[in-house]
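Quick notes on the structure that follows.
Note that the chains are named A, B, C, D and E in the order they appear, and that numbering of residues resets to 1 at the start of each chain.
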Amino acid sequence: AGLTLAPGFVRYSQAQSSAPIKIGFQSHRTGIGAAYGRWYEKTSAAAVKAINDAGGINGRPVELVIEDDGTDPGRGAEVVGKFATQHKTDIVFGTLFSHVVIGSAPAAGENKIPYFVVSEGHHVASTKLNRYVFQPGITDVKSQIQSMAPWIAANAGKKVTQIFPDFAFGYDHRDYLPPALKAQGAEVIAQIAIPPTESSFTKYFPQIPAETEVIYHVMVGPAVLTFVKELGEFYGSNRPQLFGFMDSLEATDINSPGLEFLDGSHFWEGSPRYAQADDSAAQKAYRAAVGIDDNGAAVGDPKDVSTASHMFGCWETLYVVKKAMEDAGYKGPEDRAKLVEATEALTEFAEGPEHPQGPKTFNGKIHQCFGIQNISKVEGGKLTVVHKTKIEDGLYEAEGDYTTQAL
Amino acid sequence: MMPLLTTKNLARNFGGLRAVDGVDFQLMPGEIRAVIGPNGAGKTTFVSLISGRIQPSSGMIVFDGADITSQPAYLRVRQGIAYTFQITSVFANLSAYDNVALPVQRTLTDGRSKGAVRTGVMAALERTGLADRAHMPAGQLSYGHQRLLEVAMGLALKPRLLILDEPTQGLADSEIDNFIELVREIAKSATLLLIEHNMPVVMQLADRITVFNAGRILAEGTPEQIRANTQVQEAYLGTAP
Amino acid sequence: MHFGPHLLLAALEGLVTSAVLALTALGLSLVFGVMRVVNVAHGEFFMLGAVLAWAISTAIPGHPTVGFLAALVLAPLIVGAIALLAERLVLRRLNYNPEATIVATIGMLYIIQQLALSFYGPEARPVEPPFSYRILLPWFGYSGYKLSIIAASALLLVATWLVLTRTKIGLIMRATQYDSETAQAFGIPVDRVYAGVFALGAMLAAIAAVLIVPISQAHYLMGQDPLLLSFIVVIIGGLGSLRGTVVAAVLIGLSDGIISVFFSPTLAKIIATLLVAMVLVFRPQGLFGTASR
Amino acid sequence: MTEAPMTEALTISGLDCFYGEVQVLYGLDLVLNKGEVLCLFGRNGAGKTTTLKAIMGLVPASAGSIRLEGKELTGLPAHEVPKTGVAYVPQGRRLFAEMTVAENIEIGLMARGKGKAVRENVLDLFPLLRQRLRQRSGTLSGGEQQMLAMARALCLEPQVLLLDEPTEGLMPSMIAKIRETVVKLRELGVSTILVEQRVDAVLSVADRVCFIENGRNRETVDVEQLRADPSAVRRYVGVG
Amino acid sequence: MSEASPAKAYALHLGVIALLFALSFVLPDYHHGLLARIMVLAVFAMGYNMLFGYVGLLSLGHAMFFAAGLYGAGLAVIHLGWNVPLAFLAGIACGALLALVIGLLALRTTGVAFMIVTMMFAQVFYLVILYFAAWTGGDQGLVVPQPARVLSFGATSLDLTNPTVRYMSALALFSIVLLITLAIVRSRYGRVLVAVRENEERTKMLGYDTFSNKLIAVVVSGTICAASGAAYALLFGYVGSSFASVQYSILPLLWVLLGGAATTLGGLIGTVFMYYVIDIASGYTSAYLLIVGIALILLVLFFPKGILGTIRQRWLGWLP
């Protein structure tokens, strides 16, 4: 590690080189993921600044090189190639949308460049990708769902109707929720898949069985507001319990017209959007560094709402990269294999400034981390955390082992 | 002798209008037949039925002994019925050469020889006097030359029956003389069905003349007979002889 | 829910979709019909209408109705002006060559999208409806505003129809459409007709967008679906037939919703798309088109 | 025709025209006197149609001038030209094919804001059209189309009429009719430029004949002169 | 088109191929990799051009043929464990078959109706991919495992994930398709295709069965696009539904229009142009779509018929 002389005064150790460590940031600047992309960039910039202010990695400063992938898997693969062969970055980082991750993974594997994604999809942990792909900063969807089930069954109701998008992200919910609920003595009584191109939803609501006690909804894309509003128009005040995934309303003001209907409903949150009474010092510092206010909006622009539930993963992933590089004594691209192994060797991340969302465990075989999840209630135009899950709630049997693959 | 072309009770309606109304028509091999008649009498419609551009409402068409009523147009062309359009219809963006090469290569069976295409094309262009414009895009030819190109394309198909729909339209008088020569020469190897309003041309060329009126055949006969027919004078020729 | 009410709901939803689609498609139909250019940026004019509606309605304080009405007037005007500018600066110089305009309008699409992204942002933002009256039916509740969209669209369609059939404007447009050179020889200022039609087409798309934002949201990528659906509607209806455009919009709006009552949604979309495609396969001129292109 | 000084209806001087890179008219000079029928005569491709299009502003003049009673037409946008009283019957008819006969006539009337009376007059000239007012003009027979093209132009009540081979494709009785119309219009004071290919037509209606060759005005002669010696025509158009 | 200067044309094309071959040895890694991808996609553009440029049929559904090749090859490897050559053939066969069916239906229409019908069929194809997510991986797509992407002939084997092998495979495919295109275009069949484009009615009246000719063209075009898709799956290891979306139908149209419709090399030029404009512009600003849009408009203002199309029109009339 570098020698930090005093706070605020930084010197990079002259070990070999003070050339920056280059991190290729594959960003969704355009395309459907742009709202996330912007906040991922903000968060990552804040993390890099924090890391550099504290002496960088192995005494070298960190530099982000950003390329837009257009939220398109084809372009994503090209961008990974560009990082590896033109920018010659040390790693690639930052991707959210799962089709981009899957489309880019072969390029990462062929270029033998470690690829740290912040996508929450189950694809990394499924071990269908390759040894160079990691997800150490955010819990995957399968685990998230599994850890929601006990609370839903105990507090919301036993008869659950699921509404989810008719594509891969939704399928995780479709496939993993029913067994998880069953284990808790509740059941899924209907599953309503909605095509990704849909922009209005009312016509699907009659399919919700009358005996439904809980509507479990997860939608993504720009039409989610419509979804909630139309649900409101459909049910009025006389509605079942609602449990949703925050993915639906990331970057959207919970006080938008038409969302009054959500009052009293519950949401999964990765990292809470609103500042909570019991926030740790690390959480507070993280929010200040990224520049979001107590309502989770950009400081100075209350209309610019962040993607708080996910973007913390960028911050944490960068700290994992730092840790792994330091463990590996990483010097340059020739050490990429060592970096992979060092990352795989990680097991535990303690809560703190580097992991403000909470403690995590990491499974090196499946390249996936597992953390705590939050369940928040919408009250008075705010989201208040009412329950935090345990890491164990979300653990499952590993489906494979990346470490057996050649490097 | 067996007629080359026979139509039996051929008819075509457009909505309520009977554009061609039960026409029985016979054409002998080797003759030059002119079809005249007032504007809107149904001449173009009639030959369109023969060439297969439009389908008849009823009736039958027999070509060279075979019933072709329900054959698609391209098969009729392959059997030797060629049609030149009344409203010019050439490939405007292709060179005159390519325009003629298309029908020429259609008729060549050996498939290979590029030379054969070239000779065939140039022969057809030569005969219509367009040889020195072979490389001009057809769309840039003047209207009259486009008409000649139409004829060249028809020629190049080596048809047994060549249908010319008002071929002298837009031709200068000076070119018409050459044109008459050309038609006479074509007639040596093909049967001709010629729609014309230019009476001097008709009178000079036709062996026989069929007069259409209101979708029906009004009269048929030699040029002299037709010229003398008072009905025809009334319906068509007007005061002018 | 019982079958009857379910169908009723699907039909209502379908009609709302149809209403907005008919307006958007009408704009495209004018541009495509008269100028013979495939305007790939048509959907972006739609998007711009929605984005401007958000900007205008949030800039104007007070009751949401005021902001909405202002948007309904201003957004189409601004979009029309932008379209006019694009026509003058680009399309005219290309002589409306069909192929070159495809490239140019793809270029416009990129530019408009990027400007929206840079200045408006990637988020989906809602606009408050001018009134929010929930109509209570025995089986479910339904938004009164949605019903008013159907009415507004019908009104606009009738107005356009009157202009096209009862005034000389319609005749002038059609003459330009069939033979612009000869039209000039009869005193028709083809340039101005083109510019006007292009602007009008964009404005119709913008109006449709302003009507729909209160129930969906403004988003910088919202233009693609209306573009594709409009093209489908215009061609299925039969080019140049206003009646066809409306019928096709209703057909497409309804079929989607109603088929989804019987099948799983994605399968329903597959079946609906295939059915509509088959209409064209067996009636290439569209439902109300005259034979030959 | 005497040589009495007539005012000029249309004057073309030194006109150059190009299609893209290709020059078609080379310094063409032409004068149309008031109330006369001037016939343009020349081989296919000589540039007759181009001359008429240039007058209508449909082909830009790259040099030279075109004046209508002294008023400059060059540079005027094409759609302004008909408003000055010049009407055009294009070669190949160029009807608005998808529109009905009535609508085609309506377009003609609109150009100079003429009303019902003009329409009736025009339809009286072509009674055949009256029966077909509702038919799509594209489905008219060739001859019917030509009549409609004439009728549409006459709806402008023009002072100068440009006719590009108006008898093309017409039956003899109809040709006679068109010629009568041309003569009648002359009596009404309309000046006409008539592009023709038929010598007999030229001789029967023209006052003067202008021989165009390769985009140049080779000679303009009084028709009397040709009547006296029809073979002169061949000389002028350069046919051996 | 005409008989003139065949030698010049062949020399030019062989020259282009030789240049691409030589570039393989001098290009920096990044551009080397990018060019490999561009060549594969240029094949897509060339297949599209076959139908759009030469026959004048504007399809907005060619993504389905590309995707048919992509999935045909990719799924054959992933689910059936087929080897690379077999999978490649499977992809091509899927595309050809699909093109035949689509051609039989869509060719009943012409003009804009054809454009819309093909777009809708492609949309159906796209939705079908999503619907059968269990096999296709839905919108996320699937990875073609790296170990399967090896071409083995007895003892020797070629690893398609190796940059040089990949580049040369792409070049080989590109060259073959380019020369096939050139041969078709210069043949009598090519002349008939152009005639159909220019005036179908007239072509019929010259004795040509235009429907069959068009159908053959659709199949040839679809097969070439499928070859591109199959190569993409095998060379780059990913199959995904976004390649079947309408954007990927518009892209080849854009590439062809930029390069010049009905020019044999237009597909390549257009693809290169578009790729590098995006690549370079995104290096300067995050608002690069603005620059791309302006570049497209400027290009088309100065080269209204595409780059090669305009060059041919103004200067080099002999360009095929």
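Convention: contacts are C-beta pairs under 8 Å (C-beta built on N, C-alpha and C of every residue); 3 or more make two chains touch, one makes a residue touch a chain.
Because the structure is predicted, anything quoted here is derived from the model rather than measured.
Moving step by step between touching chains, how few steps can get you from chain A to chain B?
Each step joins two touching chains, and the minimum needed here is 2.
Using the contact definition stated above, find the chains touching both chain A and chain C.
Correct list: E.
When I count C-beta pairs in contact, which pair ends up with more: B-E or A-E?
More contacting C-beta pairs are found at A-E.
Relative to chain B, which chain's C-alpha centre is the most remote?
Farthest from chain B by mean C-alpha position: A.
Compute the distance, rounded to whole Å, between the mean C-alpha positions of chain C and chain E.
32
For chain B and chain C, let me know how many angstrom lie between their CA-based centres, rounded off.
Spacing between the chain centres: roughly 48 Å.
At what distance in angstrom does the C-alpha mean of chain E lie from that of chain D?
51
Let me have the rounded angstrom distance from the C-alpha centre of chain C over to the C-alpha centre of chain D, please.
Roughly 44 Å, centre to centre.
Can you pull out the residues of chain C that are in contact with at least two other chains?
113-114, 117, 266, 269
Where does chain E touch two or more other chains at once, residue-wise?
Chain E, residues with two or more chain partners: 127, 130, 288-289.
Please set out, as single numbers or ranges, the residues of chain B touching at least two other chains.
There are none in chain B.
Show me, using the given definition of touch, all chain pairs that touch one another.
The list of touching pairs comes to A-C, A-E, B-D, B-E, C-D, C-E.
In their complex, what parts of chain D are in touch with chain C?
Where chain D meets chain C, its residues are 56-58, 77-83, 88, 90, 94-99, 103, 106-108, 110-112, 152, 156.
Tell me, which parts of chain A touch chain C in their complex?
The contact residues of chain A facing chain C are 30-32, 34-35, 37-38, 166, 193-195, 197-200, 202-207, 210, 222-226, 229-230, 233-236, 251-252, 256-258, 304-305.
In the complex of these two chains, what residues of chain E are touching chain C?
Within the complex, chain E contacts chain C at residues 105-106, 108-113, 115-117, 119-121, 123-124, 127-128, 130-131, 246, 250, 253-254, 257-258, 261, 287-290, 292-297, 299-301, 304-306.
Can you name the residues of chain C that touch chain E in the complex?
On the chain C side, the touching residues are 32, 38, 40, 90, 93-95, 97, 99-100, 102-104, 106-115, 117-118, 224, 228, 231-232, 235-236, 239, 266-267, 269-270, 273-274, 276-277, 280-282, 284-286, 293.
For the complex, give me every residue of chain A touching chain E.
It is residues 29-30, 66-68, 72-74, 77-78, 81-82, 85-86, 98-99, 102-103, 105-107, 109-110, 121, 123, 128-130, 166-168, 171, 195-196 of chain A that touch chain E.
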